[in-house]
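Heads up: the structure comes next, in structure tokens.
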């Protein structure tokens, strides 16, 4: 089964490596302005919402403990979930990879005879490229979350887990609505301004017909309780309620790691998730359903359990914690790297710090080798994470995996040679002293008034924007030996 | 108490004055400072860049060099963090039970300078004098890995003559991140630009921090833009007294 | 042929070799040191009213439901109002006001969409978060009723207000379809600024019905 977990895999990798993609993103001043404004707004709200609960740390600890203990017995909980969902009239499907999940959903939609589906925002279906797969089968998927709608109309890619159009400002959104809405359905109203209220109203009006007419919905799931078979979707706009209530058939695609042992566990996550993601005490709408109910909502409910690299992630005892992620996006909003680059540079539906650890694990480190390095290890993400995923720990762990994978190559990289040389130099104080003397001599030849303005080779990446002090004549070690001969 | 100084390879080479300041300060407070000559480097650069195999011998050397002391002080939040948080990881991965035991014994005794002063030696007023406008950048690893909190600020507030001003967006990373600055130069430079702007906005004469690597980064940006703002390690401010030639 | 179900379960089994075979999931071993409630001794009715209002719901406290409902309807003047089966008759104002619609036989989605408002009860409310929970029980009707009309007027009995999320979940029956509602529909999708009013009802009024204060000498 080697490699099968990535067949189909995570969509949309293969964009340039992070440093190159980040270069153009950093140069885009409008993007930088949009991101800074949006992440700045949400940061303060999140901190305030978390600070309101004086047991925030205890809630985080409980959430981490539930997630980690659940993952240690994932098979048990999944079988229990399957049993519960089946008992209440749902049908459970298992998909080993993206291609299989897409085939299952396509087959289920075709069986209804419909050619259109409405969608609730879902990371899992982004990950597997479901919309593209459905389109290839002649089925049109309508995204109904406002930001997903913006992205779909603009033929764009999402750049944030919670707010996929975070890279767009209101004026750009107005233009997208005016130019594209008509191609997909009801056009934008005449005289649409960039007032967010008007833009939301335009989306309401555009999508209302779709909600009333479409017979099949596709959703993701935030949580699923194994003991009761209850599935939960957390949202704000009501598009989720529309999709989960009005159509006749509901197909939910859920990563296998979303299972919770019990309905009661939701008491922890329903407190953490809204406060971490939108900085609200509670999001406007949460829907929970347990199978089907006669006379209320869909008559058929299908739950597709998706692996697609999750079991490979589970295998890594350090990386495993990544599967605890509840997709709140707090780590994106606090990340200084994400704030400057936005989400597209990560080349994955999962951007930001969590994407930098999740994508390489789902898709294979070799396919996303630059992502674990797309962080300064500043640790802001770990502090913000409501389920205490130690993202810096996983980042350095994956860096080691990337380096070790490259060790087998025929030619050593310049970096690996430099690292080996540094290790040899640092192996003994004598070698270090020798290198210090040589380096100091060389540097002083290049320095002017003790400052190096341009450094040789790849070090120009540093010296392009920074002066560097020339090392002083005497190292600390030498000073100590000279001044304290008695204390050696 | 036998206090050993772990100077760090970077300070040893680039910022010896910081080590001299730590020595001066601790001796002024009545302690003897030892400098184990066998020390070289904590292995942070290798570990953080993914070269764990190369980092392991450095961990071994560190454990041997400092085994005999009651406390190890280092003027670097990130190197203290490396020892406390990650030496154990490397030791465990090596499967060497002796090394694991040695690290388990040693790591909790390794302190960043402000931790040693405030927690171990119980002092916040070290009798320093520094009549300048200063702003303080809390480095990421001291803040979020070691959780030094406001200990450095407690020490700075007690400095006589100091005009300590708050740095806007102080908690934001400066963009250094070790090899990150070379691997992702554009993002790093963008973060640096924002940090430099925040520093200059304070109209401070001196930017202070507990880690010279971050200071070299921010100072490099401040220098390139000829802002005239200088950088000093926390130890250097705390070491100064009234009557020092300045 | 192996099914994907078997494949995935086998992958999980082989991924968890570090977990001792004898280990079982133990819910009791999870540290749950967090608070059962963040109401902090506040009057839960007042807290719920304040928190629901924070999310732009209009909240009225009353001892006489028909008066408060009539006042809300007089303010909003919906042309029509769905009243689900099982809504307490004694809470309804006298005739007059909007045209009343029953969901019997079930209204079509077109009829629901054309309805201006809906009047429901709820199953539970949550004080700390200002949340209503509907479970499609009596007086609430199926989920679509409180979704398509643009105006939702919800009546809460004070005794239905739970202090916080844990208590609310214990009071709910997961077998019923549950809808948690905190204010009118909203989005933060444009520059992460909250804007009220997208697909769900754009106006949410809440009437809290409190017991009449016992007269002196009367048993509480």
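We call the chains A, B and C, going by the order they appear; numbering starts again at 1 in every chain.
By definition in this document, a residue touches a chain if its C-beta (ideal position, glycine included) is under 8 Å from a C-beta of that chain, and two chains touch if they have at least 3 such contacts.
Please read these numbers as outputs of a predicted model, since none were measured by experiment.
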item: Most contacted chain pair (by C-beta pair count); value: A-C
item: Identifier of the chain whose CA centre is least distant from the whole-structure CA centre; value: A
item: Remotest chain, chain B as reference, centres from CA atoms; value: C
item: Approximate Å spacing (C-alpha centroids) for the pair chain B, chain C; value: 52
item: Where chain A and chain C are represented by their mean Cα positions, the distance between them in whole Å; value: 30
item: Chain C residues counted as touching two or more neighbouring chains; value: none
item: Touching residues (chain side chain A, partner chain C) in the complex; value: 1, 5, 34, 37-39, 41-42, 52-55, 58-59, 61-62, 65-66, 69-70, 72-79, 88, 94-96, 100, 144-147, 150, 162-163, 165-166, 169-170, 173, 196-197, 199-201, 203-204, 207-208, 211-212, 225, 228, 230, 236-239, 241-242, 244-246, 256, 261-264, 266-268, 270-271, 278, 280-290, 293, 295-297, 305, 307, 311-312, 314-315, 317
item: Parts of chain C lying in touch with chain A, wherever the complex brings them together; value: 3-5, 7-9, 11-16, 18-19, 23-27, 29-35, 38, 51, 54-55, 106, 109-110, 113, 126, 128-131, 136, 142-144, 147, 165-166, 169-170, 174-195, 197-201
item: Residue numbers on chain B that touch chain A, as the complex places them; value: 7, 9, 11-14, 16-17, 19-20, 34-35, 37-41, 43, 45-55, 57-58, 61, 86, 140-141, 143-145, 171-173, 175-193, 216-217, 219-221, 223-224
item: Chain B-facing residues of chain A, complex; value: 18-19, 22-23, 26-27, 32, 336-337, 340-341, 370, 372-380, 382-383, 396, 399-404, 415-416, 419-420, 422-423, 426-429, 432, 436, 439-440, 451, 453, 458-459, 461-462, 464-469, 471-472, 474-477, 479-481, 484, 487-488
